[in-house]
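For reference, chains read A, B, C and D in written order, and residue numbers begin at 1 within each chain.
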Amino acid sequence: MMADRTLPRLSVAMVLLLISVTIFAVTAIATGETAQFSLQGVTGLLQRMVALGLVAIGQTFVILVASIDLSVAAVISGTAVLASWLMGGDPAMIVPAVALCLGFALAVGLVNGALVAFAGINPLIATLGTGLILQGVLSASYGSLGGAVAPVFQQLAYGSLFGIPWSVLALFGLALTMGGLLNRSVLGARIFAVGGNPDGARLAGIRTGRVILTAHVICSLFAGLAGLYLAARVQSGTPWLGRDGIYDLESIAVTVIGGTLLAGGKGGVAGTLAGVFLFASLDASFNMLGIDAFLKQVLRGFVIIAAVAVHAVRGRGHVA
Amino acid sequence: MSMKVMLVATVALSGLAGAAMAQDFNDPAEFAKQREQLSMTPQGPEGAPWAQHLGDSMVDTAKWKKDGPATICFSNAGIFNPWRVVGMHNFQAEAEAQGDKIKELIVVDAEGKDEKQIADIEALVAGGKCDVLIVSPNTTAALTPAVEAAAAKLPVVVFDRGVNTTAPVTYIHPVGGYGFGISSGEFIASKLEKGANVLALRIVPGVDVLETRYSAAKTIFDEAGINVVGSEFTGSDRAKTKAVVEDYLNRGVQIDAIWMDAGDTATAALEAFEDAGLPYPVISGEDQQDFLRKWRDENLTAIAPSYPTYQWRTPILAALDILAGKPVPGPEWVLPQPAITAETRDGYIDEKLPPLHYSLCGCQNLPGYPARWGGSE
Amino acid sequence: MSDAMSKPRAARIAINAGLLLFLCLYALIVLIQPNYLEPGLFMNFLRRAAPLVILAAGQLYVILTGGFDLSVGAVVTFTVTAAALLTNGDPDATWPVIALLYLMGAGIGLFNGLVVAFLKVPSIIATLGTMLWLNGLALAWSGGAARGDLPENFRNLGRFQWRDVALVGTLPMAVLVLVAVLALLWWGVHGIGYGRRALAVGDNPRAAELAGIPVGRTRITAFVISALAAVTAGILLGGFSGVSVNAGVGLELQSIAACVIGGAMLLGGRGTIWCAVWGALSLFALFTLLNLLGLPQALRDSIQGLILIVAVGLTAWRSRARN
Amino acid sequence: MTPALDMRGICKAFPGVKALDDVSFDCRPGEVHAICGENGAGKSTLMKVLGGSYRPDAGEIRIDGAAMRFAHPRAAAMAGIAIIHQELSLLPHRSVTENIFMGHELVRPGFAGLLLDRGAMRARARVLLDRVGAQIDPDRSVAGLSIAQQQLVEIAKALLLDARILVLDEPTAALDDRDARQLLDLIRILRGQGVALVYISHRMPEVAAIADRVTVLKDGRLIWTRPQAEATIPAIVSAMVGRDLKDFYPAAPTAAPGETVLELDAVQAEGLPEISLTLRRGEILGVAGLEDSGKGQLARLLAGDLRPAGGTARLAGRPMPLGNPRRMIAAGLGYLPADRKREGLVLRQSVRDNAALALRAMRPAWARPAAGVFAPAMLDAGLKRMDVRAAHFGQEIGALSGGNQQKAIIARWLALDPAVLLFVEPTRGIDIAAKAAIYQTMREVADQGRGIVVVSSDLPELIGISDRVLVMHRGTIAGVLPRDPREEEIMQLSLGVSV
């Protein structure tokens, strides 16, 4: 029945990829924007993936352990604001600022993980709570946290290598690394174990709490990376950066579209990235077609439902 | 444990915040400049404030001259509030009014996301179809690099919010936030006694164009010895606005005036007084129809400063002038920014238009009026 | 075996916790602002809390069956904008339009339910999608800004109050609506068999199905009720404060948070209508308290988050201590 | 010889219950030591203490003579203890290899020990699967394996750790007779290799067949530990229940069965090429067969959980709406699934709500939940008739023993007065005293004019309770045996060997 375990996962990713490429190509040809097929056009398309892609990779890890993280938007805003404030335009501050930002993300991940794994709080509520707390503190203190990132730091978002932006290379590099981590490392094996059968994993001697904690830390760190990228991209972070980008709900949506089960234990980075690619090509295509913002939102809503329904509808079990 | 730490951090940071918040957007020089601009006589065609400008500085655009119908591209921050919705209608109507001078108008909407707007601008430039690019930036600093890069390849016009570079041909905007705060602040100060109470209702903290409005009004209130009993953020939410005002009234606070940094919830604030059975306060709103009508019907003591939506017409004019090689006002094209007073009010009321229509749209003679703006014939 | 003994123990504790929290918060309000003890002000408090309480009570149905409804905020927005567009200030249109709004609400709930029950899309994703398309639709229909006008008799539902009423001082119409709707929603969970079916479906859908419970229908009903409650909340909210395209922003998470604070169990199988009522009133009392304290707006979010974590953390801790 | 495992004076109390009271237990290398006891006697608590899930209040655990303290299941695993639980703890979406190595992955040298050595794991998995006699591709995903195969994967997991102490908690509960026998053979092999085996089971014949020593627990206390020769089945049973159990199975009915109540005529469905059978009122029809014989599919078909592809079926004189559980119930069928936790109970609801579940499902949704047939007094009367023991019927059913839960489910169906009851593994995981009560009830229910189908892997049970036994083989009926068949007859038919 399920002869090959990797095949179904890959196929979700492949199918999404094909659909996305088709959508993008057909609209570009239909609207006469063939210049979009140039290196510049394609890298522009890929660059649309970077921020959401980074967050979604992290989100994949928490969803795989059957948790969820609604605080990523606040973490993104937090790191972006911190990065611009700490750097204050000074290149010498890049390293300490990045270190502190990631330290901040790590701390949030630890708190989230501890609340979920050790305090036994439903992850939806726990991360909604930490997200609200962070958002509030950020908005309240923003007045004193102005500043801009160092110009050199912006190379992260605007620089490129052989015409391919650094950030795109970094996204795919990190995706490969994290995909490898999931499938080829001890941690990955334990993440699947904890998500697939928490009791079984505990009885097999896995410290499930630590694995959940680690997944949350990874998720927050990736949200932190997304925040740093956005800080480089927008020069000066605002407390609304993450919230306005709806990175929390969109990262969950693309992860599920990519075939990762909300119940945990099945899925992977490849599918998630394909989901992000679908969103990016839809974005670009809507632009080319000149669809107005409200209609875009309507279409996006239906796309999310349809994309998940396509592979969920075959399931025999109950979902709620 | 962790919660304790968070609590401490929260309290500490909020202390920090309170101290630093006010001074960031308090620039006395800019305040004085805008106060002066409010009283200047504009240059340009009479009765068409969107084509007028304050000051004399012009920029040469000969190098961008290009013959034939133009393809105009517009990267919009979004249409996430009524002001931008009205503005967008102005923009499209103006383009339509220009007829065959425009070959194609390409509009991309960034849905309020900096990141998306940057990508949008890059895609527009890469697409190679644009003769001129108009940008209404979502955030000043964020869009600066993208606009700078685009300005190297084609003429760029920026309006509403600016960018931190002189690379665009011109930056179109009305007088500004201080001007808004000055008009409303001075009116309220003139109607109240020293020691009276004013409640400030604001949308969200930290947004430059809104913070300057409050900062200007606060300066004026402080000078006049008027007491600001509270400064509350309502997020443009009518229910929240009404609830906040009710809470103040329930506390028994005497509120003599309401100052608002945007008028879209002004009528909700007034309803709180109605429901409590109290007389209306002095109020500063904005140029929305529902506020003007309420003002007229209830004979309020009020003023409606504006951040006019007719500025959305100007970029099209500027773009076409640039492609024609004509000099345009620049590097800043400052538009006049009138406030509606009791005398001028009734001229701005048009029952055909929806409640949140911005009266200073300058759109009465544009194609599709009033249906395009949601009005009934 | 006494009758009190026969009540499910968890539910009894949940009632007490939610009610206790509400009483504590309201006592704090009174401490700061003693005139909140006056019945008139309490009625006003209820009037303003009514939309959230109704939303939470509707959301509870979905939570009992093990799902989430993230679309309720969008339904509120849609209701308010649609009502303004459809009535356009005409008082004669009010009642037919209200009927039409409920019909649309039922349609939206039906859509959510069908997608979850038959397309097997997890409710968090299905209703997220609905939230997006419905918000988009509301904006597209109204053109992005409030259009039309709500007639006086429509607005009175959320705004009107009788003054000088015996005992309570003022009596807002919204409070009457609240009581009537709550009675109806209470009846749905506790007065008829449906509530037990919903609990069974949330607890173990497979066992419920094999015991003959029409699982799909039970789920769909829950989504329809949640959407209808959201329409009601929208009508009250529109009445209270008028037309706005962001009337429902953030209400979806608030309504879920309210149920959880009141002691309902996410992912189903445990909860009573009182979880929603006391949870929502607690949350609203918290908002009011923070307003009265005059804390910076932003920090109110933080405190809300903190309360959420602490309330749920305590429940989790207690249930662990019990086992 | 030093015992591999030596537990001394173990005490463990929970609020209000003394779960273990000064229990001592030991097991030597190369020995199978069975633990018997009713549910609630303390067996699983003792094993959870051993496995590191619970910390004892008093007493000590010695492994090979050294005192140990386990803070986490991991510590117990490291000490060489492996526990195979009743509830399988596998990952359905992952491969067999990944399951075997769950929590104990092999890593490549270098890379800080973080990278998996997948080649080595696969090779090792093959060896381990061979050792337990399982012909399974280590790359297959577990979701596609049969229960018996999954059980073997679990044992391979234990062998991976070179577990010197292996605890098997009802390992044969979900297995049919053939698979159970193979498992017992495997246990003998492991015993020969010097593993200390702790064997927990309710199936007395297995205990008698394999145990070297038997320990009986009751109410958290040790009753006795005896060598196999002194631990006869009657002795064990009487120690477990504290009295002698006579008339374990009810007597045969005196009256002849009545009219036909259930009839399948050439029904086809997935895994069932063609099935025809009849059931009469007052009759208990047993269904036997190996695990892959299609008896599970037949149960699903009768429960309405499997869509038929053809054929006709009648229930109580009317066409039978196969393929829809709800309509099957409306037509007069009650289904008691094998997996009570997953398919039978709504665990967080009260005993009373569980008993009212089917009734509520079939009455209109707007019927009042505590009036008429739902009146607590009515429901309680039904539960009392079934002798369900709970502190009170408002208690959550999850806290009850398996026997009482099963009785509550029987009460659930009797409230609807169904024409046919379908029991699948009716006494799995249920202790002996409750078993007898359930058999008694089944007989009474049948005597009231209902038809009963019992699908079971427990042959003595089938033989003891059934009026006829239908044996399945490869999706078809291999034969129907009259009352009191011999085990060998059933086995021969099950295996497809002609009698």
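Keep this in mind: a contact is a pair of C-beta atoms (placed from the backbone, for glycine too) under 8 Å apart; a residue touches a chain by one contact, two chains touch by 3 or more.
A quick note: this is a predicted structure, and the numbers were derived from the prediction, not measured.
In terms of the stated touch criterion, the partners common to subunit B and subunit C are A, listed by label. Among the other chains, D has the CA centre that is most remote from the centre of subunit B.
The largest tally of C-beta contacts between two chains is found for A-C.
For the pair subunit A and subunit D, the distance between mean C-alpha positions equals 43 Å.
In terms of their C-alpha centroids, the spacing between subunit B and subunit D amounts to 72 Å. Taking the mean of the C-alpha atoms as each chain's centre, subunit A and subunit B sit 34 Å apart. Those residues of subunit B in touch with two or more other chains are numbered 6, 10, 14, 17, 79, 205. Looking at subunit C, one finds that residues 144, 206, 209, 296-299, 302, 306, 309 touch two or more other chains.
Residue positions of subunit A touching 2 or more other chains: 115, 133, 136-137, 139-140, 292-294, 296.
In terms of inter-chain touching, the protein chains here follow a pattern that is not a line, ring, star or complete graph.
Under the touch rule stated earlier, the contacting chain pairs are A-B, A-C, A-D, B-C, C-D.
Residue ranges of subunit C in contact with subunit B, taken from their complex: 33, 35-36, 41, 44, 48, 51, 142-149, 159, 161, 163, 237, 240-247, 249, 288, 291-292, 294-299, 302, 306, 309-310.
Those residues of subunit A that touch subunit D in the complex are listed here as 1-5, 184-190, 192-193, 196-197, 199-207, 261, 265-266.
Residues 2, 6, 9-10, 13-14, 16-17, 19-22, 24, 78-79, 106-109, 111-116, 118-120, 122-123, 126-129, 139, 141-145, 205-206 of subunit B touch subunit A in their complex. On subunit C, the positions that touch subunit D within their shared complex are 1, 5-10, 190-197, 199-200, 203-204, 206-214, 218, 221, 265, 269-270. Chain contact summary for the complex, subunit C toward subunit A: residues 65-68, 115-116, 118-126, 128-137, 139-140, 144, 201-202, 205-206, 209, 215, 219, 253, 256-257, 260, 266-268, 296-306, 308-309, 312-313, 316-317, 320.
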